[in-house]
Amino acid sequence: MIKVGIIGATGYAGNELVRILMGHKDAEIVWLGSRSYVDKPYSSVYQNMFRIIDDVCRDDNISELADNADVIFTATPQGYLAGILTEDILSRAKVIDLSADYRIKDLPTYEKWYGITHGSPGFIPEAVYGLCEINRDKVKNARLVANPGCYPTCSFLSVYPLVKEGIIDPDTIIIDAKSGTSGAGRGAKTDNLFCEVNESIKAYGVATHRHTPEIEEQIGYAAGKKVTISFTPHLVPMNRGILVTAYANMLRKAGYDEIKSIYDKYYDNEFFVRVLDMDVCPQTKWVEGSNFVDVNFKVDERTGRVIMMGALDNVVKGAAGQAVQNMNIMFGLPESEGLSAAPMFP
Amino acid sequence: MIKVGIIGATGYAGNELVRILMGHKDAEIVWLGSRSYVDKPYSSVYQNMFRIIDDVCRDDNISELADNADVIFTATPQGYLAGILTEDILSRAKVIDLSADYRIKDLPTYEKWYGITHGSPGFIPEAVYGLCEINRDKVKNARLVANPGCYPTCSFLSVYPLVKEGIIDPDTIIIDAKSGTSGAGRGAKTDNLFCEVNESIKAYGVATHRHTPEIEEQIGYAAGKKVTISFTPHLVPMNRGILVTAYANMLRKAGYDEIKSIYDKYYDNEFFVRVLDMDVCPQTKWVEGSNFVDVNFKVDERTGRVIMMGALDNVVKGAAGQAVQNMNIMFGLPESEGLSAAPMFP
Amino acid sequence: MIKVGIIGATGYAGNELVRILMGHKDAEIVWLGSRSYVDKPYSSVYQNMFRIIDDVCRDDNISELADNADVIFTATPQGYLAGILTEDILSRAKVIDLSADYRIKDLPTYEKWYGITHGSPGFIPEAVYGLCEINRDKVKNARLVANPGCYPTCSFLSVYPLVKEGIIDPDTIIIDAKSGTSGAGRGAKTDNLFCEVNESIKAYGVATHRHTPEIEEQIGYAAGKKVTISFTPHLVPMNRGILVTAYANMLRKAGYDEIKSIYDKYYDNEFFVRVLDMDVCPQTKWVEGSNFVDVNFKVDERTGRVIMMGALDNVVKGAAGQAVQNMNIMFGLPESEGLSAAPMFP
Amino acid sequence: MIKVGIIGATGYAGNELVRILMGHKDAEIVWLGSRSYVDKPYSSVYQNMFRIIDDVCRDDNISELADNADVIFTATPQGYLAGILTEDILSRAKVIDLSADYRIKDLPTYEKWYGITHGSPGFIPEAVYGLCEINRDKVKNARLVANPGCYPTCSFLSVYPLVKEGIIDPDTIIIDAKSGTSGAGRGAKTDNLFCEVNESIKAYGVATHRHTPEIEEQIGYAAGKKVTISFTPHLVPMNRGILVTAYANMLRKAGYDEIKSIYDKYYDNEFFVRVLDMDVCPQTKWVEGSNFVDVNFKVDERTGRVIMMGALDNVVKGAAGQAVQNMNIMFGLPESEGLSAAPMFP
């Protein structure tokens, strides 16, 4: 039984970690960390867990936690983990970080986009970017996994095969992403009130969103060169889900069958990535509550572009689900353990 | 391994049966019946099941199905099962009916409220009303289970302890119920279009809804006499969930502690019924995707009434989940097998 | 041209006042008060008013305001107006208060339910309860109007004719009300975040909501005696709208036609109250953005009860619209001036 | 008083025409055409109009209508008007067509994308594309106005100034558009049921949507050459609103101030087009119920692209509102007559 500790257990991603782990047969939660709710019953913060979880929330003490847990999930604000992580902790427990602290290898890029000084840059080289389908082998032996962002996971998996195979020009990639509101967190902000979000849609962070360099870095690895892309997130009046619509110029002509075979080459054996049938567009609802990513594409001969689409549940494959998938890989378990639930509809 | 056949697998309740059974370790689906989609891949009707289910939909043939399945779920329109059920079928397979055909014991009441002639009234006495927490023992040996309606399950479990213990006058019960839109089914009707339901709430079927006699019959059993209640359903702009707010006059003074102890007496050992803490009002979101029913109450000394509240997921405990719970009881399995997932939030 | 000042112009009711008054041909806004946004352009707080309103928000100074305005609307927290109102102000400007400060005539009742000491009880007798359809004549000459609460307006207009005519027993009235989330205000609270409200419904303030005594007092006037009722509000995932479903025992038998004629007697000449056709249930969407109240009823012979229903837009007839209707009456204008827009659908 | 006839008065656009015209002081509706509801009270189809409109729906008879009306609005399926329009009708009444029949000047393009043979191509040259801000002068004297599509109006107004001034390369334009569900119409389709749309987002008509050539033709006029663009619409779980996010490569460097001055040059005097302040992203909610289009842009030096954004209410400026604006121009009225209502929030 893997002993799991969570720091930041009362955010939406933290609660989803708890939900998923309650159904995981080889893991048990030993520490529900939440600085804001110390000593309060977890189920009073999340009533869905009433009579399911009896524990109270605990203060953040990563050192004590490292003694009690085999793996620590940190679902914490940017900079938090970087400020407290030590070799000693990593020697005692594996760490899966759901924040962005160790996702970007290029330190100046990180510090520029996030506007903070990194507290422990020495661990950046060691950290493995936990996009399971891409870095599975590296994750296996990692002590520190940087769990990918929700937008980057969806964006990258949607375009990856065509970048890797040189079908599209990576510098022409434009990613127009749409997210449910859980991505904005549980903090009490006027902008996220029901009446402000409901019946509306808007772009935000245009040309400045911090997931941009994360996506660029990963696409750059696939392309074998530095790339620059456009990324625009939008807020959608729904709880869960991210939809990515990505555009790129094709470097050469390629028809549906060829492109389909490329997607299949990369994803046919991936349980969690589903390449949909021709002309079926991904919908966030079809993956809700699950760890699946649905992808598809459309070749547009008129414009010489290919439109790539991807959908996932931002709280699952975009956060807690992928974190558990990484844990499974790190501990030699079947990747889908605890994650095999079918999407819920409607 | 229990072999399961489903007739009506492409309605919302049918799809939820499929979702739940995919996570049930002792059951396998052998027949996905759907008259409307014969020979079409099930996953083309419900893309959430893409790459999870490869089977195609089959025509309705309950006799052939009875040869292949240990248990048949019928999630079909009123009157359908009553028109085709035979002793021969029941001798070969157990039947759990999600329609109302066998829920009401009093035939004239059924025929009056439903406006149809019952096709096989001879089976009504044998049918067990599958409200698991109440009729568990009878379900065990049943061949034919009438799975309760969504509103009746939520309504009855909310008021049951106080009726049973004689705390409230059953003839003063007023049930004001609110349901998500999945209860209206997947049929293409203008009234259920997004733009008609969204940003609105309305009552419907006022004083005429067909779940009324079903609720009255069950309350009558608890009260030990025939009762008449008021029941008003409302349509709410959300996918899932039923909330019941029930009012009744108290027959004698009783404070919070006494009433609480009565609820606890009936539900403390019930895994799926959660009596919430004082002053915590049930919310449908806290049970979404799960088989839980959350109940609570408020004593109003000013009016001499008690207000009873209950929340469940109409597609799970209100339909498919309770059906699987009944199956588990009928086949001697742990009641929560396949149903232990925690509610999903947000 | 009536000069209008608003204190509390940046709440949802305040913004709706502004929207309505922009379309009012005999009124102009001279003061947009908002303590939280002093000196900020109003249109930066409410972008819907971009290029429509150029003014900035001003601090609260009711004395200076009284010099500049013919009428002052206060859309402020409970107790605020009571704490600053003086004879001097009332001698210089009329006041329409959207808070509850002067709604309840019985001081101990007010202080008990609101938990505060009233700051200027001396004005309570003078204040006119501005339910226009009932108190039109008194409003005409009022200096101080207590604009009714959203729930009380909808509740009272739904039951009024049958109480007044002695058809129902007022002490058996049970009001189950459902409100959109704008009623909860624009304050940044976790409970009102999109993800907390969306896809859920709950009761709140059960047996303790402060609109209860306000409703009781008004029903009491109609009944000619003190009455006690049950009132339960619910939060619905939609922006606007209140639906009331009210239940009461009939004191004598009465059929559809008689009850209909009673409703018509009271409302046939009321522009803003629409008695719907037989069996058409009020829906909040059908009155959205308008000052209409849709009401209807169902006689239930089985139970001897009548179910009364009402729907309105809580921000319009439930707040700002009725406030403007009161202003129109006070200044001798047609009651529907600025309020004649048809409801918006969908 | 302008006499107005509407064919197709019971679709969502038709109902919005009715709502807007009820508040128009120089127009009266003389004919509510709806083939599906002949002889039924209009207010039984749209209860928001209860006691506001007493008329019944009439069958479609454009010839009789031309005798009774000064202007005919056709909110009808593609091909309908083209199949019945004659010189005789146009000689008797002006026609504003909300369908696409006369929007595209190039006949083969129209017939290819719409898959139908045009019934009266002879009128195409005469028809004026009613994008008021661009073709105001031509609309003045038009007999036949092709009211623009919802997506084209929002798309074109968002990119127009920068195309016209040669700042961006029109062949690099990628338009990612998001629409509320009212755009899908009131027809009873499973895909548009509440439970199918709610809590989900998807692209549709990828690389094949019929508004593409309409947008391309208009951008082509501005660019002075034939252009090819990418256009992808998405379905969003909200009733009203279209948001456009458009991307294009800049032909030369230009900073915020220069681009802002270009937008201002074209829109400063346009009442209905609001260029927002720096870094304020358009939101559909801020224009709901109004005829406004909010636009803004972001220069992205990193990629050499400019991101252009626009938001409108698809039922108003995207359909009925613009139609009335065209009517106002054709009849010499102030353009904003009947259209000056401020957006409704929340």
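Letters A, B, C and D mark the chains as written, and numbering starts fresh at 1 in each.
To be clear about the criterion, a contact is a pair of C-beta atoms (placed from the backbone, for glycine too) under 8 Å apart; a residue touches a chain by one contact, two chains touch by 3 or more.
Quick caveat, the model's predicted, so the values are computed rather than measured.
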{"item": "Any chain in contact with chain C as well as chain D", "value": "A, B"}
{"item": "Between the pairs A-D and B-D, the one where more C-beta pairs touch", "value": "A-D"}
{"item": "Of all other chains, the one whose Cα centre sits farthest from chain A", "value": "C"}
{"item": "Chain A and chain B: spacing of chain centres that average the CA atoms, whole Å", "value": "36"}
{"item": "Separation of mean Cα positions, chain D and chain A [Å, integer]", "value": "38"}
{"item": "Euclidean distance of C-alpha centroids - chain B vs chain D, Å", "value": "46"}
{"item": "Multi-chain contact sites of chain C, meaning residues that touch two or more partners", "value": "12, 182, 195-196, 198-199, 237-240, 283, 285-286, 288, 346"}
{"item": "In the complex with chain C, residue positions of chain D that touch it", "value": "12, 15, 18-19, 22-23, 44, 46-52, 182, 199, 239-240, 274, 276-277, 280, 283, 285-290, 294, 340-346"}
{"item": "Interfacial residue positions of chain D with respect to chain B in the complex", "value": "12, 181-182, 186-190, 192-199, 237-239"}
{"item": "Of all residues in chain A, those that touch chain D in their complex", "value": "174, 176, 178, 180, 195-196, 198-204, 206-207, 228-230, 232, 234, 236-241, 243, 245, 247, 281-286, 288, 298-300, 302-303, 305, 307, 309, 311, 346"}
